[in-house]
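To start, the structure under review is shown below, and the notes come after it.
Every chain is named by a letter (A, B, C, D, E and F) in the order it is written, and numbering of its residues begins at 1.
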Amino acid sequence: MSDLQQALRADGRRADQLRPIRLIRKYTRHAEGSVLVCFGDTQVLCTASVEERVPPHRRGSGGGWVTAEYGMLPRATHTRSDREAAKGKQSGRTQEIQRLIGRSLRAVFDLEALGERTISLDCDVLQADGGTRTAAITGAYVAAHDACSWLQAKGLLKAWPLRDAVAAVSVGIVGGFPMLDLAYTEDSSCDTDMNVVMTGRGGFVEVQGTAEGDPFAREQLNGLLDLASKGVSELVALQGQALAA
Amino acid sequence: MSDLQQALRADGRRADQLRPIRLIRKYTRHAEGSVLVCFGDTQVLCTASVEERVPPHRRGSGGGWVTAEYGMLPRATHTRSDREAAKGKQSGRTQEIQRLIGRSLRAVFDLEALGERTISLDCDVLQADGGTRTAAITGAYVAAHDACSWLQAKGLLKAWPLRDAVAAVSVGIVGGFPMLDLAYTEDSSCDTDMNVVMTGRGGFVEVQGTAEGDPFAREQLNGLLDLASKGVSELVALQGQALAA
Amino acid sequence: MSDLQQALRADGRRADQLRPIRLIRKYTRHAEGSVLVCFGDTQVLCTASVEERVPPHRRGSGGGWVTAEYGMLPRATHTRSDREAAKGKQSGRTQEIQRLIGRSLRAVFDLEALGERTISLDCDVLQADGGTRTAAITGAYVAAHDACSWLQAKGLLKAWPLRDAVAAVSVGIVGGFPMLDLAYTEDSSCDTDMNVVMTGRGGFVEVQGTAEGDPFAREQLNGLLDLASKGVSELVALQGQALAA
Amino acid sequence: MSDLQQALRADGRRADQLRPIRLIRKYTRHAEGSVLVCFGDTQVLCTASVEERVPPHRRGSGGGWVTAEYGMLPRATHTRSDREAAKGKQSGRTQEIQRLIGRSLRAVFDLEALGERTISLDCDVLQADGGTRTAAITGAYVAAHDACSWLQAKGLLKAWPLRDAVAAVSVGIVGGFPMLDLAYTEDSSCDTDMNVVMTGRGGFVEVQGTAEGDPFAREQLNGLLDLASKGVSELVALQGQALAA
Amino acid sequence: MSDLQQALRADGRRADQLRPIRLIRKYTRHAEGSVLVCFGDTQVLCTASVEERVPPHRRGSGGGWVTAEYGMLPRATHTRSDREAAKGKQSGRTQEIQRLIGRSLRAVFDLEALGERTISLDCDVLQADGGTRTAAITGAYVAAHDACSWLQAKGLLKAWPLRDAVAAVSVGIVGGFPMLDLAYTEDSSCDTDMNVVMTGRGGFVEVQGTAEGDPFAREQLNGLLDLASKGVSELVALQGQALAA
Amino acid sequence: MSDLQQALRADGRRADQLRPIRLIRKYTRHAEGSVLVCFGDTQVLCTASVEERVPPHRRGSGGGWVTAEYGMLPRATHTRSDREAAKGKQSGRTQEIQRLIGRSLRAVFDLEALGERTISLDCDVLQADGGTRTAAITGAYVAAHDACSWLQAKGLLKAWPLRDAVAAVSVGIVGGFPMLDLAYTEDSSCDTDMNVVMTGRGGFVEVQGTAEGDPFAREQLNGLLDLASKGVSELVALQGQALAA
């Protein structure tokens, strides 16, 4: 890796280096799982709520459901953004993100083992500095794990419902160089932005890459996937440490 | 005060005692003022955002505006409540509270001194255990003070726009006894619930008392106002300490 | 009382005098209770509708429910205001008022005696001149009473469900003087505005006082409560006369 | 006309007879025109509000606009209907009716003579017994006339903006017989329902006929139009008397 | 008919002549009935969907329901109009039209014979050149007929549920002359616009006439009804040919 | 490729074969570009509308904007789905798709060359059989090209604003085998679903892959990208042929 590439990152990170990651469990009291996840200055509160009911399309199936909602406090960002509850609707961006979080978590859940109940994952961004959706997925997994442990401790599970870990990271081409875990200033100036969701065993759950400026070539895509795989494997290790603590 | 009355409080407090109060400034990075306020287990993040525009009814007046919005994270409460952004509207309760916060803060602002700009106070409940609106007002004052200091440091103020401090506390009659700063279990079982907003010099800004069960008598009302005055004067002192830190 | 104080009231009233009050029963045909209440030029049509169902949180309880909705015709006011049905939502002010009316009426209802049915109180302002919410509560009680009589006449009640009368009045400090039952011009220029809801036996149901300008002192609050008690006792007498007619 | 046909009307009216009509001007204080119109037990409050602005498509045209909104109090009807403001939208029926009222009034207005301002006609049904839209049009004309007189008295009109009177009536085939001005029980059991809007000089502005059961024949249509012409000419005479009073 | 009158029609039609009519069945694959109806350049896709449920007011009745929805693609028109789904509500015009289509189709249905199921008619305008609602009704009848044949072929009908055909056409007074089946430029410049819905046996289902400029006289109304009767009888013949194909 | 793999496709296609593609220009009259695109039984009407205004964030920039909206007729699908305009909001899926179409088209536009105007792409699905979003992007490019030619013919363009072609295709792993351009039954049973948007020169604009069941491995991802590249290059050739016709 060149000197130039390193110089590009304002916070002194290497191109393939994650920001400092924190996963603080039991962050609030009431939820069955409650995790504050920090990817550098990005802070997302992820709670997992167990509810003894399922949406209509799952009723009577014997199996459960996992769903997610995403929100951002109005002043989580550099300039204040409108409160979605006051505007009366969620933006397309918000809906995209919460659908992504829900699909990502369901990818590692055995919904039959969960039983006919719902785990709702609420991911609320307290402070944003890029990568809120990937932090949310990474934190939501830990919160969901705690909710499963709570169910297990109560004797409510027939079998352990998590088949694998799941975590996510952003990668992008900034100033021509592939970089891992983009902070806000990197994200807003990048040519290509990609979010990658992977399991603990290294399978891909979601790959979403977008050319912001020029289209990207196949070899660039390959480089980004390499970086993402490295990043997610580190995140999964950190999830394991947090859950072992 | 009788022994009985003391025994009534689950957390061992005296009837006239506040819960442990914390006012943590600079809690998040982007806002001009950002305060986490805790009244025991009730935790509210209050941010103050300065915007160089005013609502239509203030345009061209030379004076500013102060407004507030209130929200509760879905799992701030014992059981998960619906996300207002997803439902597409704010409840009547939410609107009542945010109107109260806005009026309370405007009561101590000199809007002419503020200049033609807006301070938006966002009060988001991370964890609820009763008294979220009174905690929000108490924390929002500190956040607003920090935003004013930020404006002053930038040389944008003609005069200091805060005329006094403002804080709020709940009081209620629980099991026949008047009590200060009700926690959730006290609040939900009380006969009368009153929220009192006062200034640093002891003037009343808002008094909102509601009989939940039997109507309350004039002497009970007087007892509640005595308790509230004591509580607010302690809160104002704590605001001063936090701002001096 | 000084000469000055009297001179302050544009309509020649004494400071402690209600406006002319009218309570016209059977104002419209279809509702089980229908009352036009006038506090001077403020005219509110209050209807009570009996429906043989209850909201979800009361189902199967054996007990009933009492709820209220409030509206203002677009040209009830000096300048036309937008129609809430056309805007697609009720304002925060409307929701605050209808929640207040509902709580006030429930305070005097024995919901078990009512049986598993709902009384809906619709309070629609035909003409506004200050004090619409207090007129609405005062009129809604009479309409609710008529609806209970209708139920009783049909043999549908196990026991009489009204435990007491309830009425409301506004008080305020105008030009430094406490005054009863503010008309619009008084209300919009007052320093402190307070709405007080009380029962026939003199208990307080709601006290909502707001400093519009300077905060108010404890002795001012006491003076306002004295005035309000006098006003409500007169209103309760007038309710009794109307119901006896 | 047969004896049978007369016997069909519950209120003793002849088939070609209007219900008792009342047009009470200056019913409320604030509006530039305010008329309570009664067609028997149908009571509609029609206010005309003058506003010194026009909708975007009329800006800069020098000409004005006339528009209408329609609402029904929740308990104007036999059973309580939902409040549209609370539901968050106006029904298709409400929108149809208010569009009809607006078109009908614009048909007799010289919008250039009105000048670049808007007259908003709010038609709110206090009590419904069939024919609310036709009563609303008939009353709105009188309210609009009063608003024009108010403008003229202020010297704000270049020329008188009303070119003719406008009124409306319902007709229908009930039990096989054509009848004028249907009351609710007649309307809900009729085979064909027609609303006819005509000018003072006898021109048709709107004809809206609907077969509720069997289709209607051309000769039936002709009979209904005869009845409607008779009814509207009587209504126009009553409007003239009311405006002369 | 004068030479002048003929010259008025831009497309060379006689005053009493329909545009070229097409009724293309099985236009899309999934619906039980799917018809593209063209009145000249006006093209409306009408689908009939059979659903084995009925709205609440029909449940348990044994009988069915027929309903309609209407939409216009944003660029069906000369200039792009806003997408109603994006605006979050249907216009008053859209609601009026879809209520008219629903009523018109129900006028020829024997809902008991249909059985407890719903036929939903979706009428979506692909290209608009005037008369979209009348084309929609005419095409929806053919689609509904196909859906009934589908039900009959499956043995799901006790009796054939269509009692008659139904079709619709617009007529209007353009430049003083009555004309049949107005194209957009005729419609937007006409003095009077009337939509007439009739059955195959010549009964009237709906007559909706509106004076756009001057009111219309009784003899003009008669002339329009004559034209409409001629047009609908031709349309009904074309429906029959399409269904026989 | 094995025999097994071929046998898997219900319509007899090879795994790497597109469905029959049609691109019918000038499908409707009013739009500046109007293309019916068919990917087998999937039919999407794509119109391009030129409007001489830009959204707020582009005003005064001298440059233009390209945006897209997506809709599906209620009975485009096997079973009828609710009309979004009637429900009052667009689903998260709809918003995701229309954001994707807009980004994809903007990737090949030189917005400065377009000038300060907007091209709105409306993509409405008349019939759905899988791959509606990729068909929409492919058709929208042709419609946008026609709109640019229309602008050029009017002399309104400083420079040709399209830098490249853009097209899209879905790929997926069905029954363990990678397949190109999935039909509905393939899509709903596939393990992994990926939509790939590429330019005429072979650059990637969007890659969105989702594991529906098991996570997918890197080599599977590579195989899917190979298939997609093949498919898009064929689609771009077909776009060129359509535009040359």
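Annotations for the structure displayed:
Operating definition for what follows: a contact is a pair of C-beta atoms (placed from the backbone, for glycine too) under 8 Å apart; a residue touches a chain by one contact, two chains touch by 3 or more.
Which chain is which protein? Per UniProt: A, B, C, D, E, F = Ribonuclease PH.
Since this is a predicted model, take the numbers as computed values, not measurements.
Path length between chain C (Ribonuclease PH) and chain F (Ribonuclease PH) in the chain contact graph, taken as the least number of steps between touching chains: 3.
Touching chain A (Ribonuclease PH) and chain D (Ribonuclease PH) together: no chain.
Because chain E (Ribonuclease PH) and chain F (Ribonuclease PH) share one sequence, their contact can be compared position by position; here over half of the interface residue numbers appear on both sides.
Against reference pair A-F, the listed pairs E-F, C-D or D-E yield one interface repeat, D-E (criterion: more than half of contact pairs the same by residue number).
The mean-CA centres of chain B (Ribonuclease PH) and chain F (Ribonuclease PH) are about 51 angstrom from one another, to the nearest whole unit. For the pair chain A (Ribonuclease PH) and chain B (Ribonuclease PH), the distance between mean C-alpha positions equals 33 Å.
Centres computed as Cα averages put chain B (Ribonuclease PH) at a distance of 60 Å from chain E (Ribonuclease PH).
Annotation for chain C (Ribonuclease PH): residues 88-89 touch two or more other chains.
Taken as a graph of touching chains, this assembly forms a single closed ring in which every chain touches exactly two others.
For chain E (Ribonuclease PH) in complex with chain D (Ribonuclease PH), the residues that touch the partner chain are 89, 92-93, 95-96, 98-99, 103, 107, 194, 198-199, 201-211, 214-218, 221, 225, 229. Per the touch definition, chain A (Ribonuclease PH) reaches chain B (Ribonuclease PH) in the complex via residues 28-31, 34, 41, 43, 45, 47, 49, 51, 69, 71, 73-80, 83-86, 88-90, 94, 120, 122, 124, 126-128.
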